[in-house]
C-alpha cells in the first residue's frame, strides 16, 4: 500500500528503477516518433513533464472529491486540457518546433504513462508526494528521450543540439532518423542495459 | 483499493463533478487560446511575410488576394475558398510580382511550397519550402542544395497566347539533363522530391497565372 | 501399367538398398546354440503365460507358454532340451524382460514333435482363427502383432480384400524376397487360409519392382482360378508400410488414427502368410524364422533359418564376426534398433541382423548437429505428410502436447524418412519417440489422477 | 562368458542418413557463387574485388565476434556466413565506399542473424538486412553506379572506393568524365526506365553489360550457377520459378492496364530479380517449408517486386520484396500446413471447438 | 495516383505510411499484444473497427467545431468521443454477440489509450479529408495496423521456438523485429509518387 511519506525513492524510482521508457515501456509512440533530433526530444520531454506534473498535482488535489465512476473521464479531460494548453504555448513559442513535433504534442493525451500515473499513483497520495513522483517520472522520460534523440541525431545528422560535430563531409546515417532507426536505437539501449545487468549478475555470483 | 462495498454516489454528484471539471477545463483552454492566438497569428504572419519577400526579391510589401469565380478580391478571412496569392510591390508601390502557395506529393508526404513570380520576365524567381516530411539529408536538399535553388533564379513560366495555360509546362528532368528554361534540373538522389516541386509549380502556376494576368491592371492600381 | 504411378503416396526416400549381396543366396540353416532365450513378450499385446517349470524337459515344437487372452500369442519350444529358468533377460533394446531359458539337448536329432494335423476344410471361421492363434504366429514383417487378431471377422467392418505385403522396402533385408522365391506354395496356401478366415474374396500381393523374379515365380504358381493377383509397386522406402501400400495399390487413404480395416483391407506380410501355409495343416507352432545377416562387417552374408531364442552373440560367433568392434542393428537400418546386448535373442519380429564397421557407418554422434535450416527436405520426405521440422522445433522446446494436438504427432509411424534426409542431422524420429512416450505417460498419470479423484469423491 | 557389449548402444534408427549435410550444401553454394564473383571482377575490376574482400572480412569478423560473445565455438566452418558476405557484396554498387561495406557486413550478421541465435533462427535474409540497412542509411552512395568495362578498371580504383570512414563518398562524376566514358548517366536500366522511360536492349541485360550492382549483371550466368545448385538438389528451384511467374504475370497485367509500363521480359532480366530469385529468396531459413507455402511465397515476392518498381519511390524492389516475403513466412506457413495422410477434413491448426 | 484519390489514401495508410511501422502510432498494442497470433488478430480487427467508428465521429464533430469556430476544443472532444465510442462498441458487443465480445473484450479498453485512434482522427482533420476520404483512410490505417501486428505476431511466435541469445529477450527483441519490419516496409516509401 502506498503511504504518504516522501523518500528519495519517490523521486528516483521514475528516473531509474522504473524508468517509464526503458523499464515500463510506456508511451512508446512519442519516444520513437519525435526523437530524431535532440532538440525535439527535449521539447517533447519537457512538454510531457509539464502535463504530467500539472495533471498529477490536480488529480491528487481533487482525489477525495471525485466519484469513482467518473474518475477516468475526469482524468482524461484534465489531461486533454493541459495538453491543449501546451499545444498552443509551443505554437506561440516557435512554429518550426511545432511543425517538427507534428501531431505528437496532441498525442500526449493518449500517452499511457500519464493516465497510468494519474490512476495508479496521483489519485492515492497527497499532492506534494504526487508532484515529486511525477517529477521523477517526467525526468526519467525526458532522459530516455534524450538518450534516443542524441544517438539518432549524432549518427543521423552528424550534429548534437544542432552543432556540427564532424565537419561538412560527414556522411549522415539517414536510417537513424527514419522509423527503423528509432526501433533499432531503443532496442539497442535495452540490449545494452540487459547485457550490463547480466554481466553484473555474473560477477556477483 | 480494498473497499468491499461499492458505494454508489448519487448521479447528481457524478454529473456535477463532470460538469464542473468540464467548465473549468473549458475556461482554461479558452483563456490560453485567447492569450496565445495573437502571438500565434503574428508568428504565422511573419513566416508568410518572410517567405513572400524572399521569393519576390524586389518586393518591399505585399497584399493578399483571392481569386474566386473569376473575380479578384482582397483576402481577409483565411477560410474562404479560392486561389490565394500575395501581390508584391516595391518601395514605390509598383507591382513587381506575386507569390502563391502550392503543393504536391513528394517522397513521404505532400511538399508545401510558396513560389514567387515576376511580371517583367514572366518567370518564377524563387521557391521556398514551407513544410515537408521528406528524408532529412536527402529530400531536404531541395532547400539546401545551391545548384537546385538556382533553378528558380529565372524559371520560364510564360502564359500561352490564348491566355489559357502555360506556354511550356514546367517539368523536372534528371540531374544534368536541363536544356530548356522551363525545365528543372533535379537533384540526383532526390529526384522524387525535385519532381514534387516541379509538379507543384506546374499545377499551381499553371492554374493561377493565366487568370491573374487578366487582373494585372486591377492589381497595379492597388 | 504401373499402379503406383497412379495412386502412389507422396514423399518417401531412396536410400541405398544393398540387397544384391544376399538376395540370390538360398536360405541356409544355422546350428542350435547352447542355450535359447525366449522372451514372453515377443509379440505386441499381453505377454504369454509360461506352462513349464525350471528343470522340465521340453520337446522341439512343444507348447511352453500359452496366450494370455485374445491379443496375445503362445510360444513353442524351438529345440528339445531342459528348461533352465524363467528369469529376466536383456532384449535387443537393452531393457530386461521375462524369458524362458532352454538348455539345448546336445546330440538330439531335434525332430519336431508330431502334433495333430488340422482338418482345415471343415473348420469354421472362429476355429480357423483359434488355430492360427495356437500356432503362435505374429507378424513377421517386423511389428510382431499377433496375426490372428487381424483375421478376426467383425460384422461392423467387413473386410473386402486381403493385401499381402511383399515390399520389403528396408535396405539390406531380403528374407521376404527369399521366402517368395523358395516357398511360393506355402505363401499361396497361407493366403487362402487367411482369406477363408476372414471371408474375403480377393487378395493382392504387392511387390516392389526390384524383385521381379519373385513376381514371376509367384505368378507361375498361381492357378488360373485363384482369386489372387500379383502387382508391382515402385521401389521406394517406406512402400511396405501398410497405409502406404494400401494407398499405392488401391488409391485409398486409411483415415487418420484408423486401421486398414477402415477401408476394408486386411494386410499381412508374405513371411507371415508363408509360415501360416506351412504350419497350419500340421498344427505346428512357430519355432524359427528367416533372418538376413549382412552389412559391411559380414564376410559371409546370407539368409539363415534361425531358431527363435538364439542369442545374437551366438549367431555372430558362428559366422565368425567379432561383434565387439562393430555396430549391430536388429532389423533394417531405417527402423531397426541398435543392439544393446549380445545376449539378446532372435525373436518372431527379427527380420535381419546388420553388422557395420565403424568406418563406413555414418556416425550421428560424431557428426555435428546443426540447427534446423528449414530446408524442407523432411517435409518432402514424410510419407504421412506431416511437418517434421515444425514438430522438431516444438520438440526442442518440449511442447509435446502441442505436437500431438496441433501437428498430428500420433500419425507419425516412425519410418525415419525425415531423420534420413535432414542435412542438419537432427534426430527427429528420436525426438518424436520421446514425445510420444512422454505424452503416453502423461495421459496415464492423468487417468490415474482422475480415477483417484473419482474414487475419492 | 563376460563379453563386451557392441560399440554403439544408444543409437536410434534410422541408422542410414543422406549424404548431404549442412556444410556440404553451404560449401556448394559458395562454389556456385564463385563464377559470379569472377565475372563481377572482370566487369568492374579492382574496386569490385576490394569490396568483396572487405565485406567478407567484416562479415566473418562479426560472426566470430558474436560467437565469442555467446561463448560458443566458431561457427565460421559452416560456411553460411561466407554466403551471407558474398551475396551482400554482390548486391552493392562497385564503387561503394569500403567503410560502408564494413557497416553493411556488420549489420547483416548483427541485426540479421546473431540477434536471433545464429544459423537457422534468423527471420529475414541476413545479407538483405545488411543491404537494406545501408540502403536506408546511405541512399545516395548506394545508388551511385559506374559502368562496366571501364578501360582502366584493372589498374586503378574507382575513387569513391577509398572514401575516408564516416565521410561522404568522393564525387566520381569528374573521374567518370576523364575516364573516357561518355554519355553515362549514372543510372541503371531500371532507373532509366522508371525516371526517363529509356529502354535498355535485352541482350545487354542478358550479358550484364549494364550498370548495376556488382552481381546483378549477367542473367545467363546467374541461371547457370543456379541450375548447378538445383540439379544437385541444394536449392529449391520452385522458388525462382514462382518468382519469375509472379514478376511476369504482374507486369503483363500492369502493361495491359497501361501500356507505358515496361514489358515483362525487361522486368525479369533487369535489376536484381535474377540474383534475388535464384540465390536470395531461396535461402531456406527465411522461406516457407510447406509446398503450398513456397508457391505463395514465390508469387508474392514476384508481385511485390513489380509493384514496388512501378508504384514505389525506388526503382528496384527485389530486396524489399524478399524481405517482406521472409517476414510473411511464418504466417504463410501457418495457413499452409500440409494436408496430412488420411486426414478426415481440411487441416485445422488448433482444435476446432465448434 | 493522385494524393487525394481514394486508392492513394488507402494504400498510403495501409503500407507506405503504415501507422505502426512508419508513423509510430499504436506501438503499445503492437508491442504488447503481438506475442500470439490468436490475440494479435482480434486486436487488429478491434482496432480497425474502432478506427472506422471514431473516424466517422471525428468527422462530424469537426464539422460542428469548425462551424462554431471553436477548434480549440478539438482535442478534448475527440478524446471524449473516442473513449465513449469504445465504451459503446463494448456495450453493443456484449449485448448482441457475447462470443465475439469475449474474444475482443479485453482489448477494447486498451484501445482507448491507443494513440493510433486519436492520431487517425487528428490526421484526417489536418489533411482536410472529406467524409469518404476519411472513411477510406481509417480503413487503410486499420488494415495496415492489422497487417503489421499479424506479421509481428507470426515472427514472434517463431522466435518462441528459437535458441535466442540470453540478452535478446522480451521487449528488446520485439523492438528489433519491429525495426526490421519497418526497414522492410521502407520499400513502400514513396508509393505513388
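List of remarks:
Letters A, B, C, D and E mark the chains in the order given here, with residues in each chain numbered from 1 onward.
Basically, a residue touches a chain if its C-beta (ideal position, glycine included) is under 8 Å from a C-beta of that chain, and two chains touch if they have at least 3 such contacts.
Keep in mind it's a predicted model, so treat the numbers as computed, not measured.
Common neighbours of chain A and chain E (chains touching each): B, D.
Note on connectivity: the fewest chain-to-chain touch steps from chain A to chain C number 2. Each chain's centre was taken as the mean of its CA atoms, and the one lying most distant from chain B is C.
Farthest from chain D in terms of Cα centroid separation is C.
Comparing chain C-alpha centroids with the centroid of the full set of protein C-alpha atoms picks out D as the closest.
For the pair chain B and chain C, the distance between C-alpha centroids works out to 86 Å. Chain D and chain E have Cα centroids separated by 33 Å.
Put simply, the C-alpha centre of chain C and that of chain E have 60 angstrom between them.
Inter-chain centre distance (chain C to chain D, centres taken as mean C-alpha positions): 49 Å.
The set of chain C residues touching two or more other chains comprises 371.
Of all residues in chain B, those that touch two or more other chains are 25, 29, 33, 107, 135, 138, 192. Residue positions of chain E touching 2 or more other chains, listed in rising order: 72, 76, 163, 168, 173, 176, 179-180, 183, 186, 189-190, 192-193.
Every pair of chains meeting the contact definition is listed here: A-B, A-D, A-E, B-D, B-E, C-D, C-E, D-E.
Chain C contributes residues 9, 13, 15-16, 94, 171, 243, 247, 253-258, 313, 323-329, 333-342, 356, 358, 361-362, 364-365, 367, 370-377, 379-380, 383-387, 389-390, 405-408, 411, 414, 416-417, 419-425, 427, 429-430, 433 to its touches with chain D in the complex. If you check the complex, the residues on chain D that touch chain C are 3-18, 20-22, 24-25, 78, 117-121, 236, 284-291, 294, 333, 337-344, 349-351. For chain B in complex with chain E, the residues that touch the partner chain are 25-26, 29-30, 33, 104-110, 192, 195-196. On chain D, the positions that touch chain A within their shared complex are 100, 111, 133, 136-139, 141, 166-169.
Across the complex, chain E meets chain B through its residues 3, 8, 17, 72-73, 76, 189-190, 192-193.
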